[in-house]
Amino acid sequence: MRAYAIALQPPAGPVYVSIPLDDWDQPALGEAVVRSVSSRYAPDPDRLAEFAKRIRESKRPALVYGQEIDRSGGWEAGIQLAEQLRAPVFLAPLAERTSFPQNHPQFQGMLPMAKGPLGQRLRGFDLAIVVGAQVFRYYPYIAGEYLPHGTELLQITSDPSDAGAAAVGDSLLGDAKLTIESLIQLVPLNTDRSLPTPLPANAPLPSPPNNPLTANEAFAALSELRPDNAIVVQETPSNSGDLLNWWPTVAPASYFTFASGGLGWNGPAAVGIALAQKKSGSGRAVIAFIGDGSFQYSVQSLYTAAQHRLRLIYIVLCNDEYAILKEFAILENTPKVPALDVPGLDVVSTAKGFGCIGVQAQTTEGLKKAFAAALKADGPTVIAIPIKRELRPLVAS
Amino acid sequence: MRAYAIALQPPAGPVYVSIPLDDWDQPALGEAVVRSVSSRYAPDPDRLAEFAKRIRESKRPALVYGQEIDRSGGWEAGIQLAEQLRAPVFLAPLAERTSFPQNHPQFQGMLPMAKGPLGQRLRGFDLAIVVGAQVFRYYPYIAGEYLPHGTELLQITSDPSDAGAAAVGDSLLGDAKLTIESLIQLVPLNTDRSLPTPLPANAPLPSPPNNPLTANEAFAALSELRPDNAIVVQETPSNSGDLLNWWPTVAPASYFTFASGGLGWNGPAAVGIALAQKKSGSGRAVIAFIGDGSFQYSVQSLYTAAQHRLRLIYIVLCNDEYAILKEFAILENTPKVPALDVPGLDVVSTAKGFGCIGVQAQTTEGLKKAFAAALKADGPTVIAIPIKRELRPLVAS
Amino acid sequence: MRAYAIALQPPAGPVYVSIPLDDWDQPALGEAVVRSVSSRYAPDPDRLAEFAKRIRESKRPALVYGQEIDRSGGWEAGIQLAEQLRAPVFLAPLAERTSFPQNHPQFQGMLPMAKGPLGQRLRGFDLAIVVGAQVFRYYPYIAGEYLPHGTELLQITSDPSDAGAAAVGDSLLGDAKLTIESLIQLVPLNTDRSLPTPLPANAPLPSPPNNPLTANEAFAALSELRPDNAIVVQETPSNSGDLLNWWPTVAPASYFTFASGGLGWNGPAAVGIALAQKKSGSGRAVIAFIGDGSFQYSVQSLYTAAQHRLRLIYIVLCNDEYAILKEFAILENTPKVPALDVPGLDVVSTAKGFGCIGVQAQTTEGLKKAFAAALKADGPTVIAIPIKRELRPLVAS
Amino acid sequence: MRAYAIALQPPAGPVYVSIPLDDWDQPALGEAVVRSVSSRYAPDPDRLAEFAKRIRESKRPALVYGQEIDRSGGWEAGIQLAEQLRAPVFLAPLAERTSFPQNHPQFQGMLPMAKGPLGQRLRGFDLAIVVGAQVFRYYPYIAGEYLPHGTELLQITSDPSDAGAAAVGDSLLGDAKLTIESLIQLVPLNTDRSLPTPLPANAPLPSPPNNPLTANEAFAALSELRPDNAIVVQETPSNSGDLLNWWPTVAPASYFTFASGGLGWNGPAAVGIALAQKKSGSGRAVIAFIGDGSFQYSVQSLYTAAQHRLRLIYIVLCNDEYAILKEFAILENTPKVPALDVPGLDVVSTAKGFGCIGVQAQTTEGLKKAFAAALKADGPTVIAIPIKRELRPLVAS
């Protein structure tokens, strides 16, 4: 019997197991574990007590929730902590997961992804409690203070590197779920504190719709058919604000995007996530919202989706341009950056080339019809939507 | 005026120039040279004399020509040296360029790309003279001696790293063209030596043709329309032997492939070569012979070809499998290697997705028609040819 | 004011602070902390419960204590856990700190530093509980099983890399002290289990002593004057077994050596440790036992010791040879390894060259006299002791 | 028979040979060559012709000679080229070898080792011809132009990396000796050009001498006993100008120092060079001029010198300070840099510790006596000379 070594990569490092070559066809990796390691750790009780004390003493705290809460299974605990504190909850900038219901009245949107505006947004809070995120992920450089005068910061993270690299504040190492559950015991409900003002409702849509549709209109139309348990994957950075409005994440393990902003990750990631749903029999559809430029990076992953007949729908927003970089160029005042237009891509044809169903939709009716069909299809569908070109400020002020 | 630094990479290292931002649209790089460096060097005269003496004293030499001869512009000099020596000329294994006319009576094909068989092939020669190649590039490991008993080896290369890393023989550093031109003066015509036996003619083709066609039949049909000055790019490793038979390289700077065998290089390389023809106005068509698996690695490069309307024709050989690795698996006696079949790829549709002309051809007539049209087209064409599956020995014995 | 950035490296990563240039002479680093990070974390309660259950169910457990216990301040907790379990306690092979009193009746010596003998040493135990150490550090390769049949292994470590890289067993991540303290609550005193047999007393010394002295005799003589709170630093690998017999570590933070066995670390480390004693005013003397070869690696560090008038005594064992490598050569059956004799080194003169007191001692009386003087000296002393050459088995069987 | 692989590192890369283990004691490496590679290459004739033309057309050329000329054996050729051109010859800044007689009337000293002053020094020349050196090695940053307006630069080097990295000028690749010999043929003797003014004679020494001596006085005294064929190794950067005045290099392969300025290289290098003299039987003494700080970096190398009884004399200039960095600090206007004083080093005692003869000399008479004895000694001598502290400008203006 010849054997091959295969590496599994658990949180605490690789474990090597040998799989007999004769079993190559069906390597039952799940059964081949020969040793196990910790996948999480708890906070130091002394340090946790210090953090709890500072939270109890805060007059006006703000919560910033990052990806580690959802990843650790701490969604429900995160809600409970927020409600005990009656504090506003921000999404950490450029988080790759959502860890708090975006329809919750305490939800206040994503913090700006640049130093100056982010600091400004925290004005008035005496304590920022960052849970499960870096301090902070930024995209463009916009000058300003990390924190406003009078604001302190606590970071809770399971990543020693992130703790060490944080630009400001004090850090505690610990699994997000375990730490939040402990904090709930140490920080009593604060009934004196007034609740934050909820975010405003979405602005009404124009009638008749734009032609071509805006991304906002496309997301609104699609949201009418949103399956309850669908998983969203997102790589349409210039339209991500609109997507959040119409497709808020309201349940754990339901939203995935890239950590920071390196394009090309979400296409194959959506395939992997859909494959996991198939293997586990969860029955959850995966909806990948993706730009026509983003779509190209690892377009070959469509083939895997087709071969495995995955329940995966790509919503490709076709503006024939690299909008996020055009917005970046405006911010940086660098006109004439070359190669930001990408005309002549036939996304439907490419989809078919790799064995997917491909369809173009130009109206809200056509879009809904295509989406309904895709949700019932036996295999992946790519829906290409020509959209109106719009350049907006890269970082909302 | 703001300026950006741009790096050019000549043979002897980078040179940095600044291009004013206002000229971003058309950076006239060709005019921006601020300093120049050597692009080649000559052999040490003393060492060259030693090499010439050993060549003169050889009873039965063999020449092995690699990529550096063509790259250095030494094609004609290489022919003259071979003819003075009346020695057989082998193509160095896995060379990324061809440096000797493959219809020349002294041409003896490519050396085997594995240690044992290569050593065997040199049996009977007292001196192997390797010019402009590594000693040696191998693909699979097949045991055996580097050289047969009684065979010595001289290596001429411009790459100190290759000289140092050669497994056997003595090495001389020098530009291939300069060194060959000097050797021609030092090594007289040997009229006593009998010329090697030319390679046999191609075997007759079956009638009627196979259905689907074999790669050999497809290459034969296409060769009837071969433009005189066409450039060939090759990434169909399992069929490269057949291609050499029907599309022999007979002129300099006419054949390009990957150095060694890392798939994915030739697709975008063909675009770059075709772009160079357009810029220089050479009028030469580029024909890229490529497997349906190889085609996928950097398939996005088709878009660049389409946007620039390049005179580039992809001949995609569709066998729905990864044949070279299946052949490798047979050699290594490792059955059941997974994921070597790639069914369900629609190459024509993919080509259209990126803006190329796409056409499928199944017969010799259809193929020739499609090829003739492609040669006249204003932009790139992808011709997909379903071919018969054939697994042959990875290394010819 | 100009400022320099200085990096401090706490457990969880660097923290950068700025020191004004004008204060360069006396940078009050201790006061310059601008942010704080966790320096430890606790075990996952669920995983800890699993470990506790396996420990409770073990019939015959063995404890293996490594450096992390002492480093985390868990010395007392480690004793309590051992006494509750009534289990033998081994020192982890090549640990850079000692974490258990070496005069405790449960102490069983260091595990062998090679795979086969180490596995053999654990025969008869159904559970090895490794706390605060790698699994395992080895020096030579000696074939054998990692663990005997029927022995399971638990590893407790704060280092995710060590947890992932362990060759066998299951791992738990956690600070050694916090984890042991929690385990003490979960693992009851086992009064049924018989205590292990204590190690035998030291063999009687020969009378009259050897001439030159053996290392064992020198250590015995010096031990008569051992200050209660002295710190030992060790880099005399071929004599480390004898040193353990006569200078057992009986208190926390009292023994330091290299992690694994890279020579040259302990010379300057002893300087740093002595400098820390001076700064803190602990009054503890530092005794560095070091070979005459080891002494040379970073001999320049003597200068720092002299300039700071540190209370540091080097006991240099002069055998004019590189004994540990000679022993290695015997094990590997590689005779005639060159350059393992180092005659002609005048350690006393070298010591004086860097400003230390230097003295040679050849008898037990002379040695004790020199040591007594050194303990009272205002500055570092180097005591050179010519010792008898002895080669012993590299790994005790 | 067991064998070990040993790597030799010739210019063009490593060659591996096997030495039988039984011969470990006396591995006859010189006889074990199994393949050979080029150790040099010649210039491209076309590029050489371009360079020759530009040299012929220059009105006022300057030669800058670097280490590669001496290393390639081109000392005599370098003299001939200089005399044909009647051009001044500068030593390339921080060259690790001298390649031109420093008592030759055309010799003009070392170019400044900083950008601005170096550029100024070349004012008035229309062509700088740099042979066998980087363009340029600098030590501190001092602003200015690489070259004055109107000065062009040619670089001849065998190092492609240096050619690519040169900041200004055009580069030719080629062995220094081969290239100079070819240039001599292409560049006729220019009898119209006036010869440069020779450097002034050394200033008279004070009488009586300083007490302690200056480095200049020590070098002058020692020079009276200079053996004709002695080899100089230098690592006393703050006194290197004085050394050049009194110990000019006048023959090939006679002067070695560090490439650039990383302290610690010359101590062990002197041992290696002296070992080579012993092995070759050249009979040449090696005189290492070295600072008392430099002396410490790899002071252990003294042991090798003593064990091999090498004919090696260290002249250690003891100023108890790190003068070059103090000069650097003055240039950079950074007062109070800590740790630049090194009092309390007893160099003589250290020398004895490693088995060398050690002696201190404080007067010119004592110094000459010690040096005379050292030249006759059977083994290495370290002569420590207390010298007067002097801080001079880091870069002469």
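Each chain carries a letter (A, B, C and D) given by its place in the written order, and its residues are counted from 1.
Keep in mind that, in the parts below, contacts are C-beta pairs under 8 Å (C-beta built on N, C-alpha and C of every residue); 3 or more make two chains touch, one makes a residue touch a chain.
On a predicted model such as this, the values are computed, not experimentally measured, just so you know.
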>> Need the graph distance between chain A and chain D over the touch network, please.
In response: 2
> How many degrees of rotation carry the C-alpha atoms of chain B onto those of chain C, rounded to the nearest 5?
Replying inline: 180
> Between chain B and chain C, what is the gap in Å from one C-alpha centre to the other?
Replying inline: 60
>> Between chain C and chain D, what distance separates the C-alpha centroids? Give it in angstrom.
In response: 46
>> Could you work out how far the Cα centre of chain A sits from that of chain C, in whole Å?
In response: 48
> Taking each residue of chain D in turn, which ones touch at least two of the other chains?
Replying inline: none
> How would one label the connectivity among the chains shown: line, ring, star, complete, or other?
Replying inline: ring
>> Taking the top-of-page definition of touch, could you list the pairs of chains it picks out?
In response: A-B, A-C, B-D, C-D
> In their complex, what parts of chain B are in touch with chain A?
Replying inline: 21, 24-25, 296, 299-300, 303, 306-307, 334, 336-338, 342, 344-355
> Can you list the residues on chain A that touch chain C in the complex?
Replying inline: 10-15, 35-45, 47, 160-161, 163-166, 168-175, 178
